[in-house]
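Okay, here's the structure, questions in a sec.
Naming follows writing order (A, B, C and D), and every chain is counted from residue 1.
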Amino acid sequence: MTLEVDDLRVYYRTLKGDVQALDGVSFGLKDGEILGLAGESGCGKTTLGKALIRLDGRMKHVGGSVTLDGETLPIGDDVRMNPYRFKQVSLIPQYSMSAMNPTRKIGRMVRELLESRREKLDLTELHHRLELVELPKDVLGKYPIELSGGMKQRMVMVISTLLNPSLLIADEITSALDVSTQKAVVTTLKGFRDRGFVKSMVFITHDISLTNQLADTIMVMYAGKLAEKAPAATVVNAPKHPYTQLLISSLPEVGVRYADKRLTGIPGNPPSLLNPVAGCRFRDRCPLAFDKCAEEPPPVEVEKDHVVACWKAA
Amino acid sequence: MLKLDGVTKVYRIGAFGGQTMTAVDEAGFEIKPGEVVSLIGESGSGKSTIGKMVLRLLSPTAGTISIDGHDIKKMGKRDYYRKVQGVFQDPFSSYNPVFKADRVFGMIREVYFKGVPDKEWTAKIEAALDAVRLSPGAVLNKFPHQLSGGQLQRLLIARALLLDIEYLVADEIISMLDASTRIDVLNLLADLKLRGLGVLFITHDLALGNYISDRTVVLHKGRIVEYGPTDAVFEQPEHAYTRKLLASVPQLHTKWEDA
Amino acid sequence: MRTEALYFAVRNTKLLVGAGIILVLLGIGVIGPFFIDKAPTEYVGMQMQPPGGEFWLGTNTFGQDLWAQFVHGLRTTFLVGALGGGIAAAIGMVVGFVAGYKGGWVDEILNMLTNIILVLPTLAVLFILNAYLGVRSAGMQALFIGLTQWPWAARSIRAQTFSLRGRDFVDLARLSGVGSGRIIMREIAPNMSSYLLLTFILLFGGSILIASSLDFIGLGPTDAVSLGLMLQQAHQWSAMHLGLWWWFIPPGAGITLIVGALYVANVGLDEVFNPKLREL
Amino acid sequence: MRRYFGRKLLVYGLTFFMAVTVNWLVPRLMPGDPVASMLARARVAQPEAQEALRVYYNNLFGFDLPWWQQYLNSWGSLFRGDFGISLWAFPTPVADLLTRAVPYSLALLIPSILISWVVGNRLGALAARRKILDNTVLPVSYVLTATPYLWLAALMAWAFGIVWGIFPVAGGYSFSITPSFTWDFFLDLAWHWLLPFASLFLVALGGWAIGMRNVIIYELESDYANYLSALGAPQRLIRRYAFRNAVLPQITGLALQLGVLVAGALVTEIVFSYPGLGSLILAAIQNKDFFLLQGAFLFIVLGVLIANFIIDVVYVIVDPRTRVGMAGASA
């Protein structure tokens, strides 16, 4: 196991009280595994991603633990977390287009970043990796503004993985990209894993079809909790949680036509996470809901590697 | 019939317009009443520029856009907007955050239905909301941030329905919505065509275009590379670009490696 | 949103302190003159009296009551600040809104004009204009200050308008058949109301400082007493060398207090309106 | 880049053109015969000079010529460096008076602007996101920036010059000393320079510190700063980058503040009777010497425009984006 997350709770502080954005999530990640973290806005996937590397100012670690390669990460302590960042856990951010200092040449920025972490820059290795993502060596002598969007994205991918982290978090990195670029990025990420640049990866996205192209395991979240986690093919073809089922069946695919097969969405909206009611958070929208759903369904491994948090599935 | 003929848009860049950039290059296609035409392209393809030209938010550098043979440039803007309306991509940007969401209705009333008595107006709004399956109590008298993206986009469709529109430009209207709610908005759009509306559905998502439209226009770098019935475009794409695009779409049940 | 702003406003020390000081001084300037039956330039008695029971701020070398001058001066200073700042804000808004919303050639020309006045050392221009005017009123001074101080406001309002113009709700208003003027007034301006208020406050303070420089150099209003004119007279009649600290310290402190309070209130307001700056 | 400078130079050219035109126009908008009324109002030092001045200025204004000829002539004399003759210091040419005063003004302005800018930026950067420093530096800065230049100058002159008697409070050098290239004279100059410099420096300091603090907070929240934090880069590196980038808007701010700073220097000079342009302007106003005033105005405009241009050049050198950005990124 590379990563073990146990009952992790991270809340957002707001004026009206704490938003329970991530409320008791547990899962593990094996060596070489790519986990696709899927769900809709507000489901807690981004909070989970941030919790694994750097909480932002308004987030607080309320409970639970994160263990990486056998060590417990001090995720609530920004300073103590620093030594783990970049070396053990790294991040490809959503904002790759503006992630690099605009007034530094890229090569110099990389060197200074590495020096600040007391790491030596292995120029041959860097060149090798640039070549892998089809960037010319001379990008290192350029300013970010001189690169196109796709080039910046690839450069950031190279920087983030330069120290071969155990865990890489990719947070919605494809949502602003065109389909052809999406494919290239996903293929590159897969290559990074296959070459051992990263041991394991959490790929966060709202796009299940895309996750399925890359992930070994897909974890679907709903309203701050885990709904279902299973091998990618199982989630897509035989989901057990009603939310996953409805979600999958609402996705149009090329070939599905309105005139032939009318898809339907899920009525209603996710609940507010400021004082959420007890019990299953999906029950208001769930067609299968019954009395028992007033109690919170625990995540249960219904078959090997297939975890579902639903009374009906167990 | 809404018809584009040789429509071109050239932008001037730089302070004194030293350089030019052709965003749309001689685009020509038509939308008939009661059909959905999807305009598919990646970023920078010029698809939104076409939408804006049809909505007269931009004027073409060359070419004409006409409705039933009348050049839209020669129509008064108010009369034109009675017939053609639009809904945009970002539901939160479509509403002025300092005002209540139903102000979008008020604006229509102020300009087009000044003399209409309150009672009649309320009935009209209720009918429009009913058509987009919203209940008045849930959405009226609320600020935009109190509503969900899906509700906001439906409100905008309802707003368009207050007028006797013949054509609707829907520019990426569901791309910012969550997966579980977006399909219902899309279905709504498809239902509009049963009312005899012509819809220009602008999207980067091929699956959505394929799902909803009768005919498809594929745009690449400002040029139309493929145009035809949706079945034909998706099943026997002729242009290399369309084929490449189709091959890049992440499919739920097929992996890229297997395709 | 409004209630949220109010929630933070009443809890923001900077805003409360700044606004409190301004209100007190404004109160003195507005109401004070009614309680003083003498004209500020009247010779009321002993010369060079230090502050004390009868003359709160003492008297100058002519035996004028400095408290009376201070109170009337506050009034003029507030008037010039508000008027000058108001005129500058109004011009800045018109230029900024039109340039930002219209774009194209209109923007080019307005932008050029803005930049020209921006690089022009405006105080020097004011010297020339005021020097040629034999008789000067406080209103005139405010007008000239307003006419020269608007460019930076225009520039920032233009930038904000430009970014708001790209928002979909503006396009939607156009699709509702609403005209440009109404879109600016009813769609764009309300979104910037807090920003416009902040701009006005900064221009208010700036106008007071400029007026004090003009007054000091001998180009102040000829028909009124202001804090700047008190400083000018103190300097002209060597108050410093005569040891009459009560002649030049209170007016300068008054100006600093007003402007400082305006700036601090401005920061407070900014924190109230801008959630990013709030401390949790 | 050529386009960038072209635009800037166009603005500066137009500004200068406008300044000269205003300068030409204002006296002509006054009712009556401007020369007669000016001479009547002016306090001319020698009464016998009145007639000579009248002839001279009638000639200079050339009222018998068509207006455009008058206008062109005024440009002509400007290019010859002829600003007319001072009424107050008759018969010294205005240009001579100004060139004598300018070194004093520059000696105050340049160091006070540059040093306050550098120190203010450091101070603001230190304060940003550090609670204790922020709570001390910021209030002091606001008080400083709200202080009228002239009042702080007066306070300092009074406190250090009169109450404690450490520094001289008037003049550019002691009356007892004759200007020469000696250490004594130089020290005397510096001694007189220090207070006006310090008061200018202090007021300007506050503004820079506030500006820098705000910009740097913005920079510390930017995407590149977040990315570096996520990669565990130490605060030192992030702050260094943020400072470097925050300096850029501060350079622009410097250009925008020039007018205010110059104005501050003028009134400060007046407080200290420092023999620069400010004192000259005061003399011109008190003696209604309009030619001197107008000459000083053009000098100041020209100086500010040149300074603006220098700042533009510096900006291009410091910000790589202005150099590479225009060339266009390869897609």
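Everything below uses one rule, namely that a residue touches a chain if its C-beta (ideal position, glycine included) is under 8 Å from a C-beta of that chain, and two chains touch if they have at least 3 such contacts.
Just so you know, these numbers come straight off a predicted model, no measurement behind them.
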| item | value |
| --- | --- |
| Leading chain pair when contacts are tallied as C-beta pairs | C-D |
| Core chain by centroid distance, with centroids computed from Cα atoms only | C |
| Centre-to-centre distance between chain C and chain A (centres being mean Cα positions), rounded to whole Å | 52 |
| Between chain B and chain A, distance of the C-alpha-averaged centres to the nearest whole Å | 32 |
| Chain B-chain C separation of Cα centroids, rounded to whole Å | 48 |
| Mean-CA-position distance for chain D and chain B (Å) | 55 |
| Interface hub residues of chain B, defined as touching at least two other chains | 15 |
| Touch list for chain B against partner chain A, complex | 42-43, 148, 178-184, 186-187, 190, 204, 206-208, 210-212, 230, 234, 244-246, 248-253, 255-256 |
| Chain C to chain B touching residues, read off their complex | 1, 108, 167-169, 171-178, 187, 190-191, 193 |
| Residue numbers on chain D that touch chain C, as the complex places them | 10-12, 14-15, 18-19, 22-23, 26-27, 29-30, 139, 142-143, 145-151, 154-155, 157-158, 162, 169, 221, 255-256, 258-260, 262-264, 266-267, 270-271, 281-282, 284-286, 288, 290, 293-294, 296-297, 300-301, 304-305, 308 |
| Chain C residues touching chain D - in the complex, by the definition given at the top | 112, 115-116, 118-125, 127-129, 131-132, 152, 205, 209-210, 212-213, 216-219, 228, 231, 234-235, 240-241, 243, 245, 248-249, 251-253, 255-257, 259-260, 262-264, 267, 276 |
| For the chain A and chain D complex, residues of the former touching the latter | 53-54, 81-87, 90-91, 93, 95, 98-105, 112-113, 116-117, 142-143, 145-148, 156, 159-160 |
